[in-house]
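Let me begin by presenting the structure, written as structure tokens, before commenting on it.
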């Protein structure tokens, strides 16, 4: 296309920052030693891992020994949920979650349901929020785990995590949160928020793909998920992915150091985008909570059009974004999150997610505001659903 | 130390080849798109993954759709064994393996034993071999899986995989092999060898750490291990680690293209090392089969000394190697593999593993042959066990 | 994912719009699954002389709509009925497997429009009616992007 790419899909993944790549590079070639080895380059690898672990624990107010590196955010979710479930099944078999979790949590819960566990999927309101009261009411004598995401990946809604943590603590029930979208984007302190387990993934905050981490509060009963060697203090086997772990550490260090400024910047882009699009384009709706939302998240539904077409046309204009339409994946239902907040199928199909990041500028938003209305209008002109509207029948 | 590092521990991990790093680099920064995204940089990522998958399948005689990328060799082992066990438990609960498997297999089998499965750990002979007959004899009506490693990571012994595969096929039992040490080092054809599932890991053949692959023959019944998104055709969730997957593909391509020459070279180093050390140093024993062994593997036991001390002294001389001594890991028993081939504890403790690779030269071996006898002698002089020998009592 | 031809027909769709007083109009699909196609045909002496469409759907849905309008023009009604979804997909240099069902939509829209034409002109045989649009959401979208032979 020749044009500069305008990337507005940072919730899907981010590029890796140059400083992060630079920190990783030596570990591919010169400092490639296995961290279990006792010779010099092995010990150097070990040291690099432990330094990275400290950066992670510092960023979230934990102790280094409470951080375990994994191969992805998904693995962290699987481990936390299955690990707590199987370690505590003598105490009970009931798990509480929401119906807008990421598939890494939902499909893991469904797997456990097939294995004799009972799962309550709390519904959310039209903004995607659960209330602490809902959680409290769902607790039963056999509840062993509450797993509720910190912030939603599609609509950006941020849950009342500290309040839920307080309830879990009071009742003596383990509390896990999938913070993959939140970490590196908003401030988190696991102790203040009474979080027992927390999943993270580096590729959402300018770190590498293929490395996650699980915070496990000291004392939490958890069985291992990946069995084998004695890495990660015997709790997560596999030769350590040292470059990626180093990258995780560097990325979280950069993100935390710069959090306020970064947030201010992308919030401004977010707010301007929401305000202007809803002003410029008719039949459009903001999804997710207006204030309690991730600083970089915009999620809009455009009536009468379908998301994949919208994305393809934006791509032709050099803008990368995402959608909750099932047509992007070829599956039956549009995003379970959009349905959970009460959108009808056909409106959920017309959703667009724009997630801003580091390199986005006001000019990027200008460009978006220039091309988006034209594209929406063009697709609506093609849409049989829009005909009726133009004919004055608004109840399509 | 100033001196050039002489790395003789390629079975622990390898450096990443410059061509591999080069292939990976663009995917950190410019081509960072999520492979599930439909815009241009997303589709490019998808394409890169599929090209890599083809390189892997080409290298082992499989179809591309039979290759699934994972976060490590350990994860591939866990998935294969638990995946087959849980998917086929209505047919039976018996698994056959050996007592010299990697912990990724052994600890997974032990986990399954706690969950109601029955595991037969076949003993090996003094060379570390199992026979096809042993496998055939161990099969019971409820056997659902045979998992036997291709080549051992400590003593390098290569098992009669094709023969075992033929038995498994005849009996209609799934056959998994942990080929983490073999792949990229010896030629493998999964179809000819009747392998149903095979674990691989890139960091053993000059690819990156933190990426493995599982070959799953079309038609094998396997449940998922990591639940979540629909990546890897819905069978292994997690945002794909594109740089690492690309690195895996590049590394296996390079390894396969160059296999014969590579083998010839490191076999020469291996054989010279074995011959000269056993000639130069008394009270030394070669562990593993003399011929049926990995081209780069040397494993020797030096009586009267302890492995960790040996490694530390070698490290001081700039040589990186490994040992089967428990002291290197702080655990109680020495390597289960060395015990399984019948070594007494005290001899197992004195073992040294040298695994040659790409960058090793004849000069490296010269250096080793120069320093090793001195170190061994020095440690023996310190050893109370050696006193008796010098006093003429050889029955220590 | 999409061929150049699909992208061309998506970005520059041929024959978008409506035909006033069309001889046959067919609408198939369901907004619930994210796809609706409306096909307008002008038919003279049993020959399709003009076709226009409107589509709510993905790139493949738009491109197959566009391609099928091109394919039907100049054909007799009977010839048009023989156009299969595979033919439409082939004319576009193929579709990703997860998107093959979108081409069903085009085939069915043609059938539905022709059925409408036949009905208006009293040409409809007795049991043709149900065959026209037997397509249901659940039939089409059964897979979740997985491959056919995978068990999970």
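The letters A, B and C name the chains in turn, as written, and every chain counts its residues from 1.
Everything that follows uses one rule, which is that contacts are C-beta pairs under 8 Å (C-beta built on N, C-alpha and C of every residue); 3 or more make two chains touch, one makes a residue touch a chain.
Only a predicted model underlies this, so the values are computations on that prediction, with no experimental measurement involved.
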item	value
Graph class of chain-chain contacts, one of line, ring, star, complete, other	complete
Centre-most chain [mean C-alpha coordinates]	A
Relative to chain A, chain with the most remote C-alpha centre	C
Approximate Å spacing (C-alpha centroids) for the pair chain A, chain C	38
Separation of mean Cα positions, chain B and chain A [Å, integer]	35
Inter-centroid spacing, chain C versus chain B (mean Cα positions, whole Å)	54
Shared interface positions of chain B, touching two or more other chains	38, 224, 230
Sequence positions of chain C contacting 2 or more other chains	144-145
Residues of chain C that touch chain A when the two form their complex	2, 7, 10-11, 13, 16, 18, 27, 31-38, 54-59, 61-62, 96, 98-99, 101, 137-138, 141-145
Interface residues, chain B side, partner chain C - complex	38, 43, 46, 65, 87, 218-219, 221-224, 230, 233-235
Residues of chain A that touch chain B when the two form their complex	1, 5, 7, 9, 12-16, 18, 21, 25, 28-30, 32-34, 36-42, 70-75, 77-78, 102-105, 107-108, 110-111, 201, 203, 208-211, 224, 226-230, 237-244, 308, 311-312, 314-315, 320-322, 328-329, 331
List of chain A residues in touch with chain C within their complex	304-309, 312-313, 316, 325-332, 334, 345-346, 349, 381-385, 387
Contact set on chain C toward chain B in their complex	1, 144-147, 149-152
